[in-house]
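Each of the two complexes below includes chain A, the first together with chain B, the second together with chain C.
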Partner chain A sequence: MRYADRLGLVLALPLIAGFALPFAGLRPNRIAAPVAEWLPHIFGWPAAAGVALVAVAALARSPLRLPLAALAVAGWLALLGLGASRLAEDAPAYARVSPGAGFWLGLVALVLLLADALARRKPAPVARLALLAATVAVLALVLRLWPDVSVLQEYAARRASFWAEAQRHVALALGSFAAAVVAGVPLGIAIQRTPRLHLPVMNVLTAIQTVPSIALFGLLILPLGWVAANVPGARAAGIGGIGMAPALVALFLYALLPIVTNTVAGLRAVPPSVSEAARGMGLAPRQRLLRVDMPLALPVILTGARIVLVQNIGLATIGALIGAGGFGTFVFQGLGQTAPDLILLGALPTVALAFAAQVIFDALIDLLPGRRP
Partner chain B sequence: MKRWPALVLLAAMLAFLLRPALFVPLLAPLAPEGAPVIYDRAGLLSLTLAHLALVAGAMVPATLVAVALGIFVRRPAGEAFLPLSRVVTGFGQTFPPVAVLALTVPVLGFGTWPTLLALFLYGLLPVFENTLAAFSALPPSVVEAARGTGMTPRQRLWQVELPLALPLILDGVRTATVISLSTATIGSVVAARGLGEVIIAGLTSQNLAFVAQGGVLVAVLAILLAQGFALLSARLR
Partner chain C sequence: MIGLHNLSKHYDDLRAVDDVSLSIETGSVVAIVGTSGSGKSTLLRLVNRLIEPTAGHVTLNGQDTRDMPAFELRRRIGYVIQDHGLFPHWTVARNIATVPRLLGWPKDKIRARVEELLRLLSLDPATIGPRFPHQLSGGQMQRVGVARALAARPELLLMDEPFGALDPVLRGKAQADLRAIQQTLGSTILLVTHDMAEAIRLSDRVAVMRAGRVEQFGTPAEILSRPATAFVRDLVGEGERAFRFLSLIPATDLAEEGAASGQPLPRTATASEALDALIWQNAEALPLEGGGRISRAALLRAGHP
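Now for the complex of A and B:
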């Protein structure tokens, strides 16, 4: 086992499949069945062998695995773009080149390899933020090579609406997140101080979580429609049964449980000796809460906030079903038209956004004073 | 734990499934004029059973695979995969269920299969995470004692470690089951049979009575199943 470790050997399987299965599919039009294209067919055998060599070098056991894996991932993505342009050259105007099973499997293998190499280095929080920024920069460069990949063609066809939906998506996720923090933290503090309230509040919040998202979004149409019809000024403020308002309220309701639970857990974890010492120093209850208890509970509360933000970014896609917009619009349109590229156009940014939110939040939590990464 | 609220809920659900006509006055205000109050394109009972079958069909294999993987990465043979598996479980949860579902459709087509696969993948994470946590939380003294009595590794696993880890693993299964009950409703967007069908029909025909009956049925199922799991793990502890 000098040249290979178990991980490299296991990941070699999907990578081999990545070479053996079609790398891309060429379709005569947007929804037709694809004609399979293999990597050597697209680039010729010498180039394909070169690619395989880099991949094998990254799989081998060596101190260079991290840079090699990073290079391989970026290279794999670039290959799809270059290959798509090459295939599109001799194809009719309406033809689409979309990623094939081989591309996806190879990408998964290489990304897992990269993730493992990164995890073993245990990067510090600032380094993680820098890595995220570097990833975004590399992706932006790679996507410039993708003008002939079907997903980007879908994007080019609806550039303006893509960014409008992106804004709505972020507004839905961040707005409900902010509201849940503003309401949830005081609620957590309150029920931690009055144990009588604890069980009923938690029961209600847990029950809300069990209502499936599409139903909760739908059920809020009724009360918000009533508000719009009966409260003066509500309709002018954009509150209505359909659109952003019910989606924001639904996301807010789902977000409350993790925030309240973690606020209570964080406050409970404050050592009694510390609270006693603060009392002994003559701090008033409010000062104790703000200067002693809350700072100590902050990491746990922020963990709850992270869970909520990541969850809301994902759930906001459902908002599209009730006309709230967001990336879900493309997902559901794509499902309706059986256009996989359109589904990807909605799903990939959502995943990227949730991923980035998780990295940033985790790094911030680790950067808090008194925390060791 | 008080049991009667769960029993009342169960009775109400069964009454609704077997005699939906009794609940018409309750739901009628939500339905538009002249529209049906109770979902009539398929029986609610059979949709509920289909929904449960979908969740069970994904959760049983997910539990088996996740527990096996969790045990594997804690053994010497699988240690090489521990750091990676932690990263994957951490970031796997950033994949929204809709995205998982939508991304499996191009591969598997419409119908039950993409939903089953999405529920399976989504169910792996909580169970795997809890299996890892359960095995890390085993008291070292007990494991040592088992080793001292001359048990083989296999005997230690089946007779000592797994029984001790089971309650925490069950908590993971409970979390995953509740999530997949709700996620399975989204499966109806890709034509999987289940209670989501009722909700989607309500959303598209603006019939909130449908949305309410589908949503509340799923919520009640989730609460009852969570109670059942809590009862089971309390008995095991």
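Now for the complex of A and C:
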């Protein structure tokens, strides 16, 4: 057992599957059924054996696991791009090469390995941010090798609208997030100070949380439609029963509960002796809130904010249903056209965005001063 | 001079503090002793208006404390609590600087004051100042709490069980240090404790509280020798009365002419320490540093009122 640990053994299975299952699929056109292609078939046996060697070396427990896993992940992604170009050479113009089950399983195994190796090193917050930036840079390089991979072909066909939808997606998620923080934190403070408000406000927020998102959109069409029709200037400002406005409002409403709950929890967790000392030292109520209570509650509040941001980045996909745009546009178009590559074009950036938001937020929380290591 | 005038705090039927009047001379230490629930902490918190009294008032050097905003009053009164209450997100130096910053002192003056206080409490400014509270030992946290309370040269220092969280060895040291600092700075201190020995050791006057009222207010010697009520007598306890009494007397007060053999006693020793040394060395008399001696007979004579 010296050279293997439980994680390496467990991940060996999906990695073997990565070689045993089709690595890519070649389809005559973008919605046809794929013809399976295996890794050795695409690159030849010696090359495939070389790849397998690196992957297996990364599985073994050694100080080299981190660099090997990073190399393996980048290499695995690059292989798909190179393989797609090879397959596309001999294929007709409308043919598509998309990732197969083997690619995905192998990728999952290698990414988990990399994540575990990283987590074991317990990198400092700034190092984590640097790693995130490095990851983005490496991804950008690797994706240059992907011009013949189906997802990137869908991207190439929609380059302009992709970035426009990306902007709308970020605007939806960040806008509703910012509004929820601006409204939720003061609401949390107010509730904490006035226990009478606590139960009613929490009940309302919890009730909102239980309404399914599509139903909430439906519920918002009427009031926002009325506002658009009757309030002068509202329509010009983009407010209406469908579009950005109801999506923003819905995301905002969903985001309130975690923000308010965590604000209250954070303020409650301020040690009584610290509050007592702050009063006894002669800090005025406002100073106590801003200099002592809020800074001490901040980590908990930020944890809530992180949940909200990640949740909103995912939920914003739904906004496409009512014409708010965002990456959901591609997901729903892809569903309508039974074009899985188009679904991926919407889903993958959403996942990446949520992941990046989480890493950034966690690092920010750890960067706050005076926290126990 | 701090005056507590007919202070009362009632919660419905409970008289937590009931018509208490005390005066604290400038530069003296007054200890409030009582069992838990006696109202001693409430009384302390009435002074800096963390609790507003039902009746009565407090004067701070002649000024009625009701005439100023509570937070302004508190900046003139130091406050030390049992759990330190250090701000965990601030460094030690920033913690100590709390009140001077609130008062808007210039930066250099604050920095100098923080350094001065850290030195006074035998903490190294260079190493301890930049640390965060969770990086300190219990004894260091306690001292930082005291330094923070002293920072803006308060007119009065309130201490609520300031040594309650320390182990017995550290507590003894902290008590001695506080007494030394108080004598150096001439601070006026109102201290709450449940430990009669601590009160006797530290204070110039002791107020014994029970059920919201002061049962006796007197010097430690008076409390020991003439307890006013059965409750005070119980609190003082039957054991070690003589030793406590001797601990109030400086050994130099009992010095007589002449010489003696044995290890000399330091001039700062109390009579009880002198007796302890005498018994331990099985001597009739011991020399005092710098001349004179202390005899067993003199100590035994002094050991009762």
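We take it that the second predicted complex is superposed on the first by the 371 of 373 C-alpha atoms of A that agree within 3 Å, B and C clash if a C-alpha of one lies under 4 Å from a C-alpha of the other, contacts with A are read in each partner's own complex, and residues count from 1 in each chain.
By our rule, a contact is a pair of C-beta atoms (placed from the backbone, for glycine too) under 8 Å apart; a residue touches a chain by one contact, two chains touch by 3 or more.
Please read these numbers as outputs of a predicted model, since none were measured by experiment.
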A:A133 in the overlay: touching chain B, chain C, both, or neither? Say first, second, both or neither.
neither
Applying the touch criterion given at the start, work out whether A:I313 contacts chain B, chain C, both or neither, answering first, second, both or neither.
first
Considering only the touch criterion stated at the top, classify A:L199 as touching first (chain B), second (chain C), both, or neither.
neither
Could you say whether A:P295 touches chain B, chain C, both of them, or neither, answering first, second, both or neither?
second
Tell me the contact category for A:S273 with respect to chain B and chain C: first, second, both or neither.
second
Most chain A residues touched (candidates chain B, chain C):
B
For A:M281, is the partner it touches chain B (first), chain C (second), both, or none of the two (neither)?
second
Chain A residues touched by both chain B and chain C?
none
Chain A to chain C touching residues, read off their complex:
271, 273-274, 276-284, 287, 292, 295-296, 368-372
Which stretch or stretches of chain C touch chain A in the complex?
48, 50, 71-76, 79, 81-91, 98-99, 102, 132, 134, 148, 158
Using the touch rule from the top, collect the residues of chain A that touch chain B in their complex.
5-7, 10, 101, 112, 115-116, 118-120, 207, 209-216, 218-219, 221-222, 310, 313-315, 317-318, 321-322, 328, 331-332, 334-335, 338, 340, 343-344, 346-347, 350-351, 354-355, 357-358
Which residues of chain B touch chain A in their complex?
30, 77, 80-81, 83-84, 86-88, 90-91, 93-99, 102-103, 105-107, 110, 178, 181-183, 185-186, 189-190, 196, 199-200, 202-203, 208, 211-212, 214-216, 218-219, 222-223, 226
